[in-house]
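Structure record follows, encoded as structure tokens.
To keep things simple, chains are lettered A, B, C and D as they appear, and every chain counts its residues starting from 1.
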């Protein structure tokens, strides 16, 4: 009985438009139409005026279009502070004639379009929860405990979308388009928590989104973009319907210096294995302190707090794993506990 | 026969002018005139226009003046990027009626003022080498192998100092004020290497400074600041003329992700001991790569490379030691191998 | 019948702690205890973590203390972007045996401390309004039309102050420390408008602060700093109780490129006069546009919008007046129309 | 006898990839293949890691390719600090059946690729000088006095290009990538000076580049970018072989506050004319002072000096011309006197 098999490639990038390394994979045998997702770290500031994300997305669209491939989920996270190295992580899957044996599983889904008036509100949480369940089915993951990382690209409000909603007599959660990005990330993360049974949907109100940070998912990673009105969802986990040498597990960092939890997660994975990818979220602790000691990330008006957090948590993780092409993404509303965040680890057993 | 005894205190700082925590030590029994040095991490940018160093220095001068104490070496290193926490490390020493037993030793010295035209040149190397020898004598350290950390605060060039030197018909090593900080740090570090016999003084030329990075000291830590024109030198090491529960050892990080060397150094120190202080240097790898992967620290025109490096190496060390009030100082020219740097660890045996 | 006489001195500063130029004025005959206020431009970022303001304030306090002078209003505005030059503007006043003849008048006052939970709310507006009236009385200005510039230094929220307020069971207007600076400036400016009868206090709600920018004062200039918790207020205007060669008038720039209004204000002042000081406010137009053309100041996550605005409006004014030691202060919420701001011009008639 | 006719369009840009405004010109009648050059201001940092230039260039290449147009000189200058507005200035030319009457003339050329080891050295000067002469011939400008603005886009050194050159056994002029931008701009400007007979080529050495600022061109404007390895050259001037309502003249600002020279240049142009474009260079005065007053642009380690200078000179020019979509480009090494720079003004006579 055949199974599915996942492939993960970490490819260095010389700049936001350097997709040559991915094209080289095609020459090495990767079927372009087996690619389901690209997660990129680009060298912009990761904030509002970071055009490296759009530039990289445009470059991949052009590449995939040349190969006749459509529907790849392209998720770009800006910011390679500290020694983080710009790179692409390519996820592919194929059917193989090997029996399933419990291995890394990848599932994707797309939700219906989100009405502007539902963004940053309960409706978004519920819509995303359905989408996550759909992606889990696509991945063949039945048990929520087998889901280790849920990456979501979610929409935001633009002036035009707000105007249209209001012209139709509806209210929106915010008139601040920048703030809508945080609300959308937060609601999406709570949607993951609902889908995985971490939180009871009936207990969450609109007002909890981006305020009650004691509510969070242990494995959500969300990012918002202007180019979509629905949600692109990627679930990474373990499934018996898949085969191959890849495995995934995850830690939840309690705070930015919680190396212990990360080492423990690594120890749960096969010992004789090489690292395939590390995917993490980071944020400045909103309390202004870590373990009773003040940090200055939130009072620094020269460098955005998310940039500080990526650099520092990048260092913590690089010290543990010994690599710098780590996917460390900023802005972790409801993604892990306040000041902490999820860290997914994918390894490949040596054969 | 009496011996000397060192004391080390890590004190949180609420701002560059918050010396209340140090004053509180006096109430707890620390004799103010036993203090020989204060190493501070302040929350400025650590570059040319970082006035938090001068502000903190002024605040300590005022404090010490109120207590009738003079001649304390005050070394402020700007930059608490990432989750690094602003703090002061206070070094004190006293004579005790206990025999010497090989323990942490502290010595200090101060050089004559450096003329702007000598900054970043051989003259600075030789001036510093004499100062380091003087501080070693002050510490009772005879064997260079017993010196584990040599901290130097050195001057820099400002537009004004350059103009004055040139008005007097002299040339300066650079017109770039930020670059002058690196040249000063580099020349000072080479001065340490000469004093410790790591490098032969006769073999170094002006042109080697900040270019021949194969020349370095394994335990120099130099930091430049606008607020002085001479050098303040502190030597930390082990000496049989000292007693007490404190010990020091050091690692030389090979690159920014070399956590292994740091863990090994910690293991060489007594196991049943608590961490008293960690003192480290960090810099962007001048090759533009770490272990074959590109970093973007040197191509970033928004954030100085030293700031990236402090945040990242701060993360590596915080992941190892579990604290954020680490002294991580940027700009490690000739201080450890290129892209790496020295890390001194001071522990106190439990009693 | 005697009158009061104002003196205004523009003094270059080599750094936040360089008060030598002011001390030199004492040697030239200025009575230290005639000084009522110092307005400084220091070279920090003018945002939350700008310690150059506190450092300069400390330096002046030390200087004045040495001369036995107390109660001088010291207002430091950070940020000398572009070619703006760090400097101090010293305001002094004395009684002379000359009849009043309508000349520059200076009055000062200080409010009680503001609780963190009142910052950016109605309570701050009312507190400031009382303070402005007190300063006008001090200046001998009866008619609000004779007030041309009201400078206020107001507090801000830090992570710590927020935590303390919330620990005491109180809410704060914002958790964003940079945003708290704007709210404080805005509420203070509305306090000026209330005091000058430009706005009716009963018509303003908490929600109007930093949102209803159609409400503004034509001559408020407010600046927030981490180093105080109350408000320091200086009123500049014309009064018949004063004498001497100094006169003041002001323009309200309609937007950041409104050079015309500034030139007109200069023309209203005596022709045969030299420039004594220019005091202005600048801000990024909140509409995101100036005269129909997009600006990028509010979407830039690398440089704070206030820094952009000071540099640019500094250029506009330097092109008109031909000097760079202009007091251009950022963040003009409710200080002049949105995107514009007040510009006070003080000249001294040639004699 | 026919003549050439120039057209100049200023088009707002919503982002680095927004070329819709230029495409709209095609619908309005502009022949796409009449376009010879696009000068853009994009909203990046204008320094080493500014990818908005490459992104914009890519977007225009895609647009022009769709219209079958090739060989347009696309010059992107990053940095819209202050209130400067992102925009494109489109230069087109066509042959008309009107006799020549002395009007704006446009010529372009492109040099061979520059080897990294020649960047910032004599070889670059000579290469550029040939290119400028070629562009003048293309414009029909015989007399160097008729050349009013020579815009050049030149390459820079990245960490990677430096490594490749050194791997091939060659030396480079600098290891500092930001500094390489200045050296390239400086050498290119000296190339203009040589071509226009302002400087004798035989008198310039490598060491003069970016040090002997008494050597400069009165109308060079050079801009370096990571996206090319050769030089794109555009010459703007007056020629009797051209016709139409457009005229150009230029000022040389003596320093950053020299509004007078700019107003004089505007007065030399026809009075009844509307502004078509303003093209200027700006830089921090290398002396650290303007008219005897210190500026802080060169000592600021948070914001690059070129960013300060663009914001400030942008303000000076916006105050004069009343528009914000000005082409103000940073880094004016050897482009006008130290601290000053050329300002070209193009107007269209009303008809």
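The rule we apply is simple: a residue touches a chain if its C-beta (ideal position, glycine included) is under 8 Å from a C-beta of that chain, and two chains touch if they have at least 3 such contacts.
In UniProt terms, the chains line up like this: A, B, C, D = Cyanuric acid amidohydrolase.
From a predicted model like this one, the values you see are computed outputs, not experimental measurements.
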Given chain B and chain C, the chains that contact each of them
A, D
Taking each chain's centre as the mean of its CA atoms, which one is farthest from the centre of chain D?
B
Distance in whole angstrom between the CA centres of chain A and chain C is 46
For chain A versus chain D, what separation do you get between their C-alpha means, in angstrom?
42
Residues of chain C that contact two or more other chains, please.
14, 43, 45, 49, 160, 296, 299-300, 302
In the complex, chain A residues that touch chain B:
12, 14, 43, 45, 80-87, 256-257, 259, 284-285, 290-291, 293-297, 299-300, 302-303, 307-309, 311-320, 322-325
Chain C - residues contacting chain A, complex
45, 47-50, 158-160, 163, 175, 177-178, 296, 299-302, 304
Chain B partner contacts - residues on chain C that touch it in the complex:
14-17, 43-44, 49, 51-52, 54-55, 58, 160, 226, 302
